[in-house]
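Before anything else, here is the set of structures, which you'll find just below.
Two complexes follow with chain A in common, the first pairing it with chain B and the second with chain C.
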Partner chain A sequence: MKWIFLKWVLFFSFYNVVLSVAAQEIGQSLDSLEVRPSLVNSRLSLPTQLTQVHVISPGEYFAPPLVADISDDRFGDMVRMGRNIFINTDVYAKRYAGNGLNCSSCHLQEGRKPHGIPLWAAYGRYPMYRHKTRTVVTLEERIQDCFIYSMDGIAPTLDAPEMKALVTYTKWLSKGSPVGVDLPGRGLPNVSRTQDLDPKRGKIVYETRCELCHGKDGKGQKHTNGEGYIFPPLWGGDSYNKGSGLQRVRTLAKFIKGNMPLGASFSLTDQESLDVAIYIWLQERPRNPKMSWAMDFFFPNMAR
Partner chain B sequence: MGVVLIKGIDVELGSNIQRSLVSRLKNMSGWSVVLAVLSVFLFIFLVQFALPFSSDSQEPYRLVGEQLALNGNGNIPACAPCHGLQGQGNAEIASPRLAGLHPDYIKKQLEDYARDPLNTRAVVEPIARDYVKTPRTYGDLTVFTPGTRYDPKMNELAKMLSAEDRHNLAIYYSKLVFVATPKAYDFETLERGEDLALRGKPEYGLPACDSCHGPGGQGFGAIFPPLAGQPVTYIIAQINQWQAGKRDNDHLALMRNIADQLTDGDKVNVAAYYDNLSYSVNSE
Partner chain C sequence: MLDREVIKADIIAGVTAGVLILPQAIALATLAGLPPEYGLYTSIFPVMFAALFGSSWHAMSGPNTALSILIAFTIAPYASIASPEWIQYAITLAFMAGVIQVTLGLLRLGVIFNYFSQTVTIALVTGVGIIIIVSQLGNFMGVLMNIAEPIENAIPQVIYGISRANGFAVFVGAVTVLSGLLLKHYYPKLPFLIIAVIVGMLFSTGLELTLGTSNVGLDKLGTMSLSALPLSSPDFSPENFAEASQGLLPAAFVIAFLGLIQASLIARAMAIKSGQCIDINQEVLGQGISNLAGSFISCFPSCSSFNRSASNFESGGRTPLSALISVVTLAILIVFAAPLIAHMPISVMAAILLLVGAGLIKKSDIKKTLLEKRENQFIFALILFSTIYGGVDYAVFFGIALSIIAYLKNASKPEIELLTGKDAQQYFPQSTSVLSVQNTLIKEGEEYYQSSENQCNELNVEIPKQFDHVTVLQISGSLFFGSVFRLEDTLTDLRKQDGGKGDLIISGENLQSIDSTGAEMLVKEAQSRTKTGARMLLWLRNHNHDAVLQSSGLIKIIGEKNIYYLKENNNENHQDHVV
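Right after this comes the complex of A and B.
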């Protein structure tokens, strides 16, 4: 038993050294002869990627109800409160929010976007077995995990008005969607890697495709009035912590492929998404609250 | 260390007056040198607070730009007849508001207007020398151009402007006051426009306008221009130009992808929604 423990410690310490070396290599300057200058300093890309075009036909994805159609009763009030919390968590659920992100930073377009972790596809699937906790979790418990990890804050209790409002909003948004069915556009699209992941390539992708909005330092950009983020931070103290789902390279790559850059979904290849995901994964962010300070200090790159 | 510094200055300076100043500094005791240095820091500290109130460094550029915008210069005609005396634009000829736009945005648009659309200096990179030795991102063949913008009038006018003219005009227009007058539209148009502006069309992969152009379409930085306060005709004409490929100067082809998704109804609804908002810039 002791030996097994020692083996794991040795394994992880070695793992950690390898990762820190990889992180140092990113900082090295790139050979100017081998990098296309246009790639590093891009201003426009013309439609040359003719092999892969993502065309959406009418009726392909579930269409949630309109905000203007929210009813004028107590239920409608709860839906409106849930929507407010969802798109402006810092204001409407201030006591639970821990960082600069809103729910709609990941669940894009108010939880409506297919392949952008839409709420309407999730509602009919809960309660479900979750590999991370190895238990069957309800929708409320899943939302609690969002607050603990992705929002790096405090979980609202199951009977909190904020929790009720969020579940009500989810229920309203999935009006007419079937229960227990994998709807098209559920969660995130799949990625498959063709080469080993390379954070150096990821850095180039970041500088050409992501830096414009998320900033050179990845800390995002705040609104003009200084309240909240217009472009959310990808790393740093105001971003999601190391226990969240996006800290998994594969999940982050799926998110990037299906949604980023905003308005140009599926424009990055699988390999580009994975490369930029591992580049983002190597950056600093808040520790996993379920992991001790000592573990975070000695093994900073362990996701969970 | 202070002595070494003063000796260095002594060698460099040539004039007698400065030399006498340095020799006086040399005779000062240690504490007075420290005091002198501290007082210099204090002076700099105070000046940086006083500067913004005393004078505006961009004022000369603004004045020259104002002169050019209102009266023109030689062959260059004035901007005011089309863009308005207050830079408020003209809806009848789809002429945009310029007052209060980001100076870098105005500069970039003038540069893109002046560029010859047939000579964009687009560079298609040759095949990499050795793919094995240089495993970089060659996932697609991407062509990068500086961007062009077609307009029969502005193409001719922008070619007459020098870099200084563009800078002066940008400073002048960015500092103008603008207060929008919200116009009335029917309820259905506004409701549909708001839905598109705040939520986009997620089932077609179209993001919300406000997610980049800022809340209320007030614009964000030099890259995302304001939509509020622009004439409806201008917004519709520009989306038509994106769709027709006559305007091609966006970053990462973001706006081109978005314009391709917009129907004729969407353009009208969303432009009406932004025309209905109250909006002001540079005014108290």
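Right after this comes the complex of A and C.
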């Protein structure tokens, strides 16, 4: 018994050393951000330190390269720039960002987390047909849509350096991943409903499971220095707009089931996820840029 | 100097200039492949430094079309557009150009930019206008185009791009261009660029309100992240600079020269209007300091802008104070306009550049220079062609070479005129000035014989009585080793006519320079003439050429009393004042 306890102590001390070293490395290579949950090096990411992934068997998910392995050349610079934009969008892509969200607000763990819309699973699937636009879109065009809807901002032009950096980061993150294959952990997990959705139940779930981080008013929590969000706002002016993917109740429920609460993914049932999702769906947020007052007037049915 | 009236006029002109510069600053930064912030920085800091250190009181510095194109085409092979490396290269270019310009200014070599032919400048600017228009058609249509492509590829690309064009972008851009052109035509006094921008943005906002932002799908400029003191520094570290040095080093020279050519042209044009006396070396130094200092505050290479200088003068700017006021105005304006500029569609900006590009193609100037001389047509076509096909940098080098050739050709052709008989009389030496003699000649006609004789007799000057034997040789221009043969031809002809026995008066009042070869030619002539008993007289403007004449022995041979000066005791070097 004593031996087992000692083993654990040893393990944890080692673990802490690794963590602190990793945090130092990040602190050196990045700007002086506070280390956020999603910023911790994913060296030990399966299962991770702060977020847990539903692992059925080890080695099930694709393992993206480590941040420390970014090369020290022009390509590496571009990757680093892309990573900076990805985790701190409103500073490094201020030109185009419209709200308080970062790319990594949805693509958790810097776009590495399985079932957290990981970039490495997406890279090999583009260009792809999208129902939303009814055209074949490239990765760049998809990123533009992220900026227009989820970030409620301005689309970076296809030749913008920000765009180039983001695509480079995605490419670097998917080093070794197969092309055109649906990798395990891709996108979000499925949900199926058992009852009709009820925002009242959702409100209770929100208050018990979400409110601690995202706040009672759903406005999230800012860093102590007042710059950027450590926990992203779920509604209000600084959140995603009504045209974005998470505005679909089903997609949001999938996201919640697979990733929320942070560090306890797959802890909510499908029904709970759907209920919270419809509760969040009912809240106020920026308007859909596809809509306008004239369209509201002439084609009221088009508005969702 | 700075009384209330002038200050008031300067404030008005400065505020106008500060508002005017805003759309150009953004558009020219984009033309140079830089984020719009850098255009604004370049419209603030270099303007300030050039106004403080330059010589001209009216020239306004800032981003320049030709330089912007040159920067974009220089850096394009080494970095991706608007990336941090691109910005770094642009700043390094500004530093290098600044160093070159300061060196030229300190060595007092600014004069060489006076010899840059105006035809070459007009051809260059026209070529730049065409390049701008072609390069912006893609942005105008909302289609992504390759930059730095030869024109014969760019035009088909535009045609193929028409099917992919965003109709809304074309509409908004066309509205901007049209409103700009109409304003320029009907209300030339209004600042048409900024009004065109406002009209274009009103239309784009209207479209978005009626059809939905993402349905219209206009590319936009985006939020600017500005800082009050954007520090930067040139980077010559091997890992960043080495691979690009091959392209950047010659480009720095071209940028420095092109900047100074335009700056000196503008300074002179402004001086003609205002009557201010320009020290061209000071102006060169001012430009150099503005680039050098600019490279430490996030500025890309800049030089004086003709449009802005002219409008500054027209709106009443009289001292550098107006430039400083324009800087302050722009800085204040940016703070309020930044959120609006974020939503400025790229097609509107392209439309502004189309207007700027069209403005560079000045038909009247082209016509004037083409009709002036036959060789101008050749130079114009050559430089225009090399600008469009070879790029601005080659065209500048080529233009410098052509200017030198044209200058040498003109310089080796000193105007030599032979005057005999009564025409020669006015050159007859006497104490009164030539002008008054001329007047007397015109007024009194034949009676002149008498009066001049009387005058001269009083002053005890010997006069050759028979004017028929006197020939006057009027030389203007430069008499140097390259042009001496023309003088020789004339003298040979003359000797055939009068057998080398007549008196010869050489009128060198308009003689710019004379070197030892030219002096020797005169010495030879003087020797042969004195042998036959004839005399040679020399008229000069001042004592500038005395040293050369003394060393060649000419003064000894023809005698000091036979040399006459228009201005006595005037040893000052006139070269500086001519500028």
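Convention: the second predicted complex is superposed on the first by the 236 of 304 C-alpha atoms of A that agree within 3 Å, B and C clash if a C-alpha of one lies under 4 Å from a C-alpha of the other, contacts with A are read in each partner's own complex, and residues count from 1 in each chain.
Here, a residue touches a chain if its C-beta (ideal position, glycine included) is under 8 Å from a C-beta of that chain, and two chains touch if they have at least 3 such contacts.
Note that the coordinates shown come from a computational prediction; the quantities given were computed from them, not determined experimentally.
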{"item": "Which superposed partner A:96 touches (first chain B, second chain C, both, neither)", "value": "second"}
{"item": "Contacts of A:164 with chain B and chain C, given as first, second, both or neither", "value": "second"}
{"item": "First, second, both or neither for A:289, with chain B first and chain C second", "value": "second"}
{"item": "First (chain B), second (chain C), both or neither touched by A:204", "value": "first"}
{"item": "Per-residue contact with chain A, leading partner among chain C and chain B", "value": "B"}
{"item": "Chain C-contacting residues of chain A that also contact chain B", "value": "none"}
{"item": "Complex contacts: residues of chain B adjacent to chain A", "value": "122-123, 125, 128-129, 133-137, 139-147, 191, 194-195, 198-200, 202-208, 211-212, 214-215, 218, 220-221, 223, 248-254, 256-258"}
{"item": "Residues of chain C that touch chain A when the two form their complex", "value": "35, 80-86, 144, 208-215, 217, 219-220, 222-225, 342-343, 346"}
{"item": "Residue numbers on chain A that touch chain B, as the complex places them", "value": "34-36, 38-39, 42-49, 54, 56, 60-63, 66-68, 108-110, 112-114, 116, 118, 195, 198, 200-201, 204-205, 209, 212-213, 221, 223-224, 230, 261-265, 267-269, 271-272, 275"}
{"item": "Interfacial residue positions of chain A with respect to chain C in the complex", "value": "74, 77, 81, 94-97, 148-149, 154-161, 164, 243, 288-295"}
